[in-house]
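What follows is a set of structures for review.
Two complexes follow with chain A in common, the first pairing it with chain B and the second with chain C.
Moving on to the complex of A and B:
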């Protein structure tokens, strides 16, 4: 009878007469969805999205081009040419698999390790480099540290350093987009470490209560700088939190581009069709860069405390917290790039010849863009003062004039020759 | 045009009503706004504009502001309510690190200029530590946002509409003690009062007094007392916008009078009066006849039972003024 059911507004449930705590089932956790095995062999043909050859080649070329760009820009940081860099090694599959599944106009909020999404959308090498160099071509006007990319034309919101702040913002954007347009989604990327921030909790809860067309995409790469996941959380990762908020959730093999693709595609479709949020936790591994040849660092304050190998970023040496064996496993046995290559080779879409040719031409493209970026001057110093507000307040105009006067007298002590007038 | 008798919360409702009517992208959200809000500022708006435009959020200030930023980034108009200014601090990171810096850090590729955050502000007689705060000084130190505080219903509607239409993220603090107490004839149609423009309410020749929000009424009364008891002529200025603030109007006034008194409820140390004082002594040093006087809350949290002793009331302001005149 109705009186026998709980009447509390806060939960619809049955009564229970036995004292029993719910076991957070960490050992038998949420399974990892995959399409290919570690050798790129499709396990269930029905799960193969059967993407056309051109698209699969684009996935592969984007991942490898990103890898090449990473190697060159990482090295340029070690040589003091740019101040800072973050590589994407090992996580390229999460970028391109998800990017390929989105519509070109879906709005992307990233954290800082999603350059492959922007690259997949066609962002030119020149502009990646211009931002890293903070030179006059940088659409961001040299305001931020390297890898803080942004591109309105490609619907990629400018990256900011604080972690997880993008999560509730992405939800707000999804809410506005829901009101404005029936066929557009928001995708929000973050790492498993950022998911510990309060903003993540806020974002998940708002997305569910306000019924937003958003896909939350968590890159769980095993580490937040030096902190392993065992020190980041005790539950079953991030995917297990989803149901607690009312989110449809899935865990996928982040190194399997087709698993990432399938999950993102379906989540995106349903998020828009049903106006509800989805949570994808893509399991992957953050691979450190190969040991560099030379160390000459013009920015000692970033790496003074650390030695050679940059990892979380160029300010990190992960040999301090992980073993060579662990790293080698991921580099050699389970890498998104090699798994896709095996898939392509099996279909006769790629061979050693193509591989050699592409390595050569992609490296050439990157080096050309790099050399151009190296030669470009920095923007004029007066750009220090604009865009604080839409209009420049009088006080700031006075401060700008003060700097101009100061440079007239003391200009020799400033690196003016590197900057446009 | 047509005016109506409105108190402060009604003038806020009127501004929000105008904004929602004029701008189809505008949405109003926060804790408890759907039923009309704990101070009745949003009464009737959900029925009039629909539940997708006037809605409750979960109890989470960092979420409210982050969510509001996201709406604004898409170009839609976001009007967020924080239930008490005392509770704005969980959103401090989103405001200072994100909203304020969105345009600058992206090289003007992105911005959240369509965001306005409203919050009840200031002492209310019994609010104690967590229902009385005036946190404007924390935000004054943050280039990229605007901070606005009205003294009356007529001012509030015009200033709030300016904040909503301003293409920079704005924080609008509403003196809660005036929500019901202050009543004026306010135009029903929308109108704007410019930001970053202080208002001289009363001209004078001997002393300049500057305040904002509720405290403007206190210094107005002090001006009358000074005239009657001391024959001193006071110039009374409502600063209205804390950031970016109207240095020109204040400095011009002090250059004329030679004496400045600034008063706010917020604690003395690091309060916004420090910024005004520092600027005025730089710009008007040779005009000053006496040290600049700050009459503020004590350097304590806002007390409950001791509120009558804590606040910078007219007697404290009058006494400070008298000392300045006799310097």
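Moving on to the complex of A and C:
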């Protein structure tokens, strides 16, 4: 009878007469959805998205090109050519699997380790490099640290450093998109460490209450700098939090591009069709960069500060907190690139010769872009003053004129040749 | 001959409008004018606003334009920033700016800096508004003034209205501005009626951001203030006038970009400067005014060092008599003027 049901506005449930606490259930947690085994063999044919060969090749080439670009730019940081870098080793599958599942106009809010999404969308190597070098070709005008890419044309919001602040912003953007009644989704990437931030809690909660077409994509790569997941949270990862907020949630094998693809595709479709948020937790592993070749270090003071193995970023040394064995396992036994390669080889879409040829040509492409980027001048000094506001205020205008007058008289004392006119 | 009976369209006279109603009008008019504008915050919709600033707006515009948010400043400030990055023009209400500290990363690191960091490709046309500074009996965590904190940051515009006209004109200008704007209102002023001219009653009435207003002409000393202290300055000016001292009272209206030129022109005329603010003295609005006066041509016209009147350098106490003595009163301003003039 209605009198016997709870009438509280805050929850709809039955009464219980036995005192029982709900177990967090970490041992038998949410299962990990996958399509391929670790050798790239499809387990259930019905789950194979059966992507056309060109698209699968594009997935593979994007992952490997990213890997190559990472190696070269990471090295360049160790040599002092750029100030900072973050690699994506081991997580390439999460980038391309999800990027392939989105529409080109879906809005992407990243954390900082999603360069593969931008690469999949066709962002040229030149511009990645230009941003890392902060040179005159950088559409970002040299304003930000390396890897803080942004591209309005490809609907990739400029990366912002503070963790998880993009989460409620992505929800707000999704709300705006819903108001505009566009067939567009927002995808918001973040790591499992960032998910501890208060912004994440607020973002998840609001996405549900505002009924937004958003897909939250968590890259759970096992570490937040040196903090392992066992110290980051005690619950069953991030996926288990979703239902608590009213989000449809799933956990996938992030190193399986097809699992990532399937989950993202379906989540995106339904998020837009039903105006409700989805949460995908992609399990993966952050692989440190390989040790460098024996090369004379031009900047010995640099490597004295930063050890040569790592890492969360170039400011990190992960040999301090994880074993060689652990790293080797992921590099050799469960890598998104090799798993996809086995899949392709099995279908006769790829072989050793193609692999050799692609390695050579992709490395050549990256090196050429790199050398060009190195030679480019920096942005002109007058760009220091623009974009503080949409219109330049009089005070800044005066200061800019002052600088220009100063340089007219004393320009020879400054390294102006390094800067574009 | 029948006398022609026509409607005599006389211009509407000036009327008395409270600051609350002026803000409400501004919001109503801007919501009507531009469908991209929307209001979000705690209690803004069904409750008509914690301070009733948004009275009637939810009823008129509905769920899509006036949104009650869960209790998370960082959450809804972030939502607002994200929405502004796409195509909407949010007005994000903080129940008081004290609570904005929980969202300050979104306001500064995101809203203020994004245009610069994205090299101009992402605009954030957002307004953050709410009551700022001292109220009555709400103690330390509800009484802080944030003019100096937000005024410090490039990328933000910061306005601080005093009168009903200020409130309406500046809020409308802020909503129409494509940059992020912080609007520092005053809870103690919400219920205060001011005369609103016929011009200000129009739907197109906008006050330019970055222009101060001379509320009262004078010759002996320049008083510069923003928000509620402007009223105290006017009262002090009336008291001093009886003693033969004529104060020029400048209502800053905008904290950033500050209209120092108006202050300079006044100091050149009066040769004496007193700044008045509700905030704490260190690194405050008055400190900035003094520094800029020193850096500019008006310095040579000062006959005495500038004097600052500020809130007491303590967290706001609760007890009324303590609270009263922690904010600048008329007698403090009179005393400061006499000190500056050495009388």
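FYI, the second predicted complex is superposed on the first by the 385 of 421 C-alpha atoms of A that agree within 3 Å, B and C clash if a C-alpha of one lies under 4 Å from a C-alpha of the other, contacts with A are read in each partner's own complex, and residues count from 1 in each chain.
We take it that contacts are C-beta pairs under 8 Å (C-beta built on N, C-alpha and C of every residue); 3 or more make two chains touch, one makes a residue touch a chain.
Values in this document were obtained by computation on a predicted structure and should not be read as measured data.
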Ask   = Overlaying on chain A: chain B and chain C, fit or clash?
value = clash
Query = When the two structures are overlaid on chain A, which partner does A:26 contact: first (chain B), second (chain C), both, or neither?
reply = neither
Request  = Using the superposition on chain A described above, determine whether A:225 touches chain B (first), chain C (second), both, or neither.
outcome  = neither
Task = Have a look at where A:203 lands relative to chain B and chain C in the superposition and call it first, second, both or neither.
result = both
Partner chain in contact with A:152 - chain B first, chain C second, else both or neither = both
Key: Footprint overlap on chain A, comparing chain B with chain C   = 107, 109, 138-141, 143-144, 148, 150, 152, 157-158, 160, 162, 165, 167-177, 179-180, 198-199, 201-203, 205-206, 209-210, 386-390, 393-395
Inquiry  = If we count contacts the way the header does, which residues on chain C are in touch with chain A in the complex?
reply    = 64, 67, 69-70, 72, 74-88, 90, 105-106, 109-110, 114-123, 154-155, 157, 178-179, 210, 257
Complex contact set, residues of chain A against chain C = 107, 109, 138-141, 143-144, 148, 150, 152, 157-158, 160-162, 165-177, 179-180, 198-199, 201-203, 205-206, 209-210, 386-390, 393-395
Contact set on chain A toward chain B in their complex = 107, 109, 138-144, 148, 150-152, 157-158, 160, 162, 165, 167-177, 179-180, 198-199, 201-203, 205-206, 209-210, 386-390, 393-396
Remark   = The residues of chain B that touch chain A in their complex are 25, 27, 52, 55, 57-58, 60, 62-63, 65-76, 78, 90, 93-94, 97-98, 101-111, 113, 143-144, 146, 167-168, 196, 244, 247-248
